[in-house]
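Labels run A, B, C and D following the written order; every chain starts at residue 1.
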Amino acid sequence: MIAEALFFSAVLFIIGVVGVLIRRNAIIIFMCVELMLTAVNLSFIALARLHGSATGQVFVLFVMTVAAAEAAVGLAIVISIFRHHKSVDLRNINLLKG
Amino acid sequence: MLQELAAVDTHPLAETAARFVGLLPLLPLAGFLVNGALSLASSYKRGPADPSAAGAHDGTAAEQVAAHGSDHDAVARHPYAAITSVVGTLMPALSFALAIAIFLAMVSAGDFSTPYVRSYFDWMVTGDLQIRWAFQLDQLSMVMVLVITGVGTLIHIFSIGYMRDDPGYPRFFAYLNLFVAFMLVLVLGASYPVMFVGWEGVGLCSYLLIGYWYNVKSNADAGLKAFIVNRIGDVGFLMAMFMIFANLHTLDITAVNAAAPSLGFNSALVTTICLFLFMGCVGKSAQLPLYVWLPDAMAGPTPVSALIHAATMVTAGVYLIARSSALFVMSPAACITVAVVGTLTALFAATIGLKQWDIKKVLAYSTISQLGYMFMGVGVGAYAAGMFHLITHAFFKALLFLGSGSVIFAMHRAYHHTGNHDDAQDMRNMGGLRKYMPWTFALMWIATLAIAGVPPFSGFFSKDGILGAVFERAQHGTLAEATWLGMPGSAVLYALYGLGLLTALLTAIYMTRLMLYTFHGPNRTGEAERAQLREAPWSMTGPLVVLGVLSAVGGWLDLPATLPLGPVGLLDKWLEPVVGAATATAAGVVGEGVTSTEYVLIAVAVAIAVLGIVIALVRLRPAALLPKRDALPEHGIEKLLENKYYIDELYDDAIVTPLVSGSRNILWKGIDRGIIDSFFVNGSAALSRGVGWVGSQFQSGETGAYAWAIAIGALAVLGAFTFR
Amino acid sequence: MRDFLTQLSYDAWVLPALLLIPLAGALLLLVTGSLSSDDGTLEAAPSARVIALVTFVLEFVVSMGLWWSYDPAGARWQATFDHWWIIPWNARLSMGIDGISLMMVLLTTVIMPLAVLGSWTSIRTKVRSYYALMLVLTTGMLGVFVARDMLFFYLMWEIMLIPMYFIIGIWGGERRVYASIKFFIYTTAGSLLMLVGIIYLWTVSPVPAMGLPASFDYDRLLSIAHTHRAALWLFGAFFLAFAVKTPMFPFHTWLPDAHVEAPTAGSVILASLMLKMGTYGFLRFAIPLFPTAAMTPWVRTTVLSLAVIGIIYGALVAMVQPDFKKLVAYSSVSHLGFVVLGIFALTQQSVQGAMMVMINHGISTGALFLLIGMLYERRHTRLIASYGGIARVVPLFSALLVIVSFSSIGLPATNGFVGEFLVLLGSFKTHPFFTLFATTAVIYAAAYLLWGIQGIVFNPLDKKENEHITDLNARELTIMGVLVVAIFWIGIYPQPILRRMESSSAYFVHSVEQGQADTRTASREVR
Amino acid sequence: MNTLVYTFHFYLFGLIAIASALAFVTRKSAVAAALWLVNTMFCLSALFVMLDAQFVAAVQVLVYAGAIMVVFLFVVMLLNLGEASEVTDIRSLGGKLTAGFVGLLMLAELFSLSRLKFPRLMGAMTDHANVVNPVSAPLFHEFLLPFEVTSVVLLVAVIGAVVLAKRGPKAQ
């Protein structure tokens, strides 16, 4: 079942990537990132199962914590951006420009 | 070093006045320092302690300007005039006295063939190069020292009167003293580099004195031109020194002369060295094609023209060739070149002299012409004859210049008195001055007869000596046997003799013309001015009288064997130890006593001189001359002559302008700013800026674009692994 | 004198002391600056210039001992000092002087107090930082001249750049930012290649057979033989660094900008001292380290051509400059061309002459920049056309300008002649045709400088503003007095200097010829 | 457990997860998308359980499906973005096709890279009753420091979120 798990993981990850590429709503893009993270978590779990060790699961816990933190900060940013632009469309947001 | 000292100590001159030879240039140098200090001290006003804080409009500055503005036109003696006159003339006079003492010591020392070299301290000693500050006294330098200090002292005395009202009085004497000092270094230098110190030093003084009245641009330009043209010649002098050192490993004159034969007779090497040396002479002595600075140099005060641009500095080239006679006789080709250039210059300048109106310009071209004669003499290896003409020329040309200075002084005073702004130097404005300036008139006629070559005045003997030597060399000797540019040497020399005679004719004509227009005929100054015309003070006329006597009897210094009016060939014998060997080499077989041919030559020379004077007297009509402002423009060949064959314009258009505009437009704006700076330097900066710009375009700030970039990047990386 | 110095054990401490004294002065300035609350204008901090002057005079006094303590017939390196520095890399604080360094050190310590006096009233803002930078700069320059460790040399080489960058960039003229950046990038670009070369030398320096670790020691690196190909590349790297600094045509275009925009003292230091780093580098590093490469016929011909082009080109371009400072800047290109010509002609006279030109250019050009700075302080323009006839208003200034100009032209009996004459005389032996072209520069030199000074001090006094110019004051006369004395002293009696440099230059010529000969025989054996 | 049943459920949950994910990226409405994502999370949590990671599965449901997604929904509602107000939210057809192509290409590359042969199943986890111990033991021994650091990360995130989302004084 490991190969299947990895297959699902890969497919979900790619769906996340495609989502990031085709969506312009910042919140949905965040969700896509969450999806990608979870897909990676699946790989961790599967490979932990393969090796018969729980270390992989520990990493999943870390990933989840970071994901939670990221979601919190990211959404806060989205909110403040929305206040400014009245939109969460990524095309309106190019603050990263040097 | 010790050995050398010992050698010096055994020299017959060692215990005589000659051991003070170093004082000869030092005395005028001291005069320069005193007068220079006086000049600066009298005009210096100390600046503010904080120049950038001091306002430009404070009261003291304005007062200064007022003071300066007034002192220019004021006719008042300089506050330090008295001390300047004493120091400025005493120093060269003391030098002259010392020179006479040394001369007497030399006479009593009898014949000595090695020069007395006094070495002071090292100058440039490194590796095999040994250059010391050393002075060399021998018969040749002694002659020059006497001429320089003697004529120099007279001209200093003349200047006291001539420059009396000039606001820069001490400055003038400072420069003049400095000149004498450098000129003495030039003739006394025991090695070529020390000579070169004097050589360039006199150039500096010439520059400063030509541009003495610097607030007129043309004067400053003339000084600049003189210096730069001289420098062109100096390149030759330098190259000659380098070649001598590279081949003989010494630059001491005695050592070079001794080693000269090792360079090989008529070898390309020795010819090149001689031609480079001659290039130096061409610059300094104003020969073709570098003569152009000398006429312009007349912008300086007239005593300067007399001392520097007639009697001494310009003859330095002749002296240099006589000094290097051992080198020159090794190369007949170079010798003939010297003679040819000298002769052509003499003729060329004489033709221009025919049609000049500025009295000093006539004398300037006359000087160039006479220098040509001297080169003709030293060119054919008649060194004593060349030096003889140098000495007599110093007398009569100094006299002519000082005489013209007197005239200009009188004219200027008259014009100043009436507020007239006409040209005080133009002969068309003069005329009939003999009534007002009888002494000057008489003395200048003596000089004119001397330069024209009328016996028994000095110029006759010296010029005849040169022409005779050319004729003799054409018959036999190394020059006659050599070929020059494919022509037989003797044919060239015969041609030179002919041209020399033609020049003599022209000389007589233009000098008579000068006298006629200046002193004869009706006076062309205005009525009011005429009342002010009078002889210059005695401090000025006195030196003229002395020079007049010398011009008249100077010929007795070196009487030819054909005219034994007294002791024959004094100068020949005196110079024998220095240039005798070289002269003998050039002459080949010595002539058999006095021949009838020589009498014929003398007769021809006299006839030509007289003919020239007669032609001028007959053809020229001073009465018909109009003042400068009414003069009609000239036509045809006369216009060509008046405009000096347009050589200055040619040089300007062909050399100066292309050089300057080429430097500005091609080198500076083209290469420097255009290619190097704009293209390479700023271009490379622009290139990196461009690359940065391209990179910054990817930095759009669009997160979506970044996501795409990451995705495609990931695709590429994975692909790289996949299709490894 | 020498006994007295021996009693002080002068040789043991003088070089580190010379490097430390300016640093101490700079530190003092910074401490006083941080203790006071003023804005650092001249009015608020007049003590800064006094501290700087005292430091430089002390530096000068200390350095003068070298004049007597240096023994021309003695060891090759004298007053040596050696201390550990970066142990893992085996880099050491290794110093020493020979005849070449000696004169450069003394030139530096003589010029620097004059430069301070030259800035006395013209620098009016941030004076403490200004003088502190000058002091740090001095350490850098002296360090370059005395370093015997390549890494230490490189450190000092770069330290020198930074203060000069700020001096131009802060106290300079209108286009100071452009000029300072151009100066910095130009020189750094050149010297980074040199750093690569130094690192390469370090990597090839160990001799395992003799148990010697890698080292930056100059003498050790000298003894390494390189293949011809490697030597060429290394020489190229060093050459570029020094050619930019010298500056040789066509790497010279930073110079006019830097000179024109720098404050007076900056121009003086730049011209008198920093340009000498380039030619000093040739003498000390580029040629002795890679004699085979430097003396390869095509390399030598190229360098000599560039030198002669620089001589004539610099002079011709100087001739048409409307700005007197720029004129002097281009004349530096010409003069430094003589130095390179002399060095690469490789004869005893030409190398000695090159060193003399280095000293003389330092004195004459420094004096010219100081004079034009004094004039600029009064009239705030450097354009020749805005002057004319001021000899009547400022006779002493004019007399000095004429004297200094003639020394720069190379009139015999002034310093300029001695150097140029020796260079040309020596170069003629090996390269007569290059010498012929170089000699013509005496014409252009006269043309550009005399044209320049004619436009300033002669000609009619036709501009109203110029009638208010004031003559020099006592301070300015002191500066010029020192330089004029030097001009005539070197012009008339240069022998004390020549004697001190003779053995070092002879060693240079000999070692390069030897190195060349060695490898020539070696390569023949290989074949 | 019966292997066939196990395999069937494994595929079932996997495919549902993928289908939900596809639905998630294609929904225009943010709320719908979020709910589809929650569905994916649930299925994944089921897969976790089947891969003997019961504790992580529980956490997945609690943290992801419970906490994070709720926060997302809150924000969506707070900003009133529930309806697809902007038609341009999804890229043009070309963009979609390109993105799909990129995705497929990447997938293909991933598969071609994973030529490793995995054993069907290794021995099951030893103790089915004790599901927390195997995770907590390394977490509090080996990874104690990272664990503590994570708590700091969370703290920072909380503060950061508060600061960022707080209305500035100007905005009021």
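One rule holds in what follows: a residue touches a chain if its C-beta (ideal position, glycine included) is under 8 Å from a C-beta of that chain, and two chains touch if they have at least 3 such contacts.
No experiment lies behind these values; they were computed from the predicted model shown.
Enquirer: Pick the pair with more C-beta contacts: A-B or B-D?
Expert: A-B
Enquirer: If you take the mean of the Cα atoms for each chain, which one ends up farthest from subunit A?
Expert: Here the answer is chain B, farthest from subunit A.
Enquirer: When the C-alpha atoms of subunit A and subunit B are each averaged to a single point, how far apart are the two points in Å?
Expert: The answer is 96 Å.
Enquirer: Approximately how many whole Å separate the CA-defined centres of subunit C and subunit D?
Expert: Using C-alpha averages as centres, the distance is 70 Å.
Enquirer: Measuring from the mean C-alpha position of subunit B to the mean C-alpha position of subunit D, what distance in angstrom results?
Expert: Here subunit B and subunit D have centroids separated by 102 Å.
Enquirer: Could you work out how far the Cα centre of subunit A sits from that of subunit D, in whole Å?
Expert: Chain centres of subunit A and subunit D, defined by C-alpha means, are spaced 7 Å apart.
Enquirer: Which residues does subunit C have that touch at least 2 chains other than itself?
Expert: Within subunit C, no residue contacts more than one other chain.
Enquirer: Could you list the positions in subunit A whose residues touch two or more of the other chains?
Expert: 17, 21, 24
Enquirer: So which bits of subunit B are touching at least two other chains?
Expert: Counting only residues that touch two or more other chains, subunit B contributes 711.
Enquirer: Dump the list of chain pairs that touch, please.
Expert: Touch list across chains, by label: A-B, A-D, B-C, B-D.
Enquirer: State the interface residues of subunit B toward subunit D in the complex, per the touch definition above.
Expert: 711-712, 714-715, 718-719, 721-722
Enquirer: Please name which positions on subunit B make contact with subunit A in the complex.
Expert: Against subunit A, the touching part of subunit B is residues 696, 699-704, 706-708, 711.
Enquirer: Please give the residue numbers of subunit D that touch subunit A in the complex, ascending.
Expert: 6-7, 10-11, 14, 17-18, 21-22, 24-25, 30, 33-34, 37, 40-41, 44, 47-48, 50-53, 55-56, 59-60, 63-64, 67-68, 71-72, 75-76, 78-79, 81, 86, 88-91, 95-96, 98-100, 102-104, 106-107, 110-111, 114, 118-123, 125, 134-135, 137-139, 142-143, 146-147, 150, 153-154, 156-158, 160-165, 167, 171
Enquirer: Show me the residue ranges of subunit A that touch subunit B in the complex, using the header's touch definition.
Expert: Within the complex, subunit A touches subunit B at residues 17, 20-21, 24, 29, 90-91, 93-98.
Enquirer: Where on subunit B is subunit C touching in the complex?
Expert: For this pair, the touching residues of subunit B are 36, 39-40, 43-54, 56-57, 60-62, 64-65, 68-69, 72, 121-129, 133, 193, 196-197, 199-201, 204, 207-208, 211, 214-217, 220-221, 224, 227-228, 231-232, 234-235, 238-239, 241-243, 245-246, 659-660, 662-664, 667-668, 671-672, 676-677, 680-681, 685.
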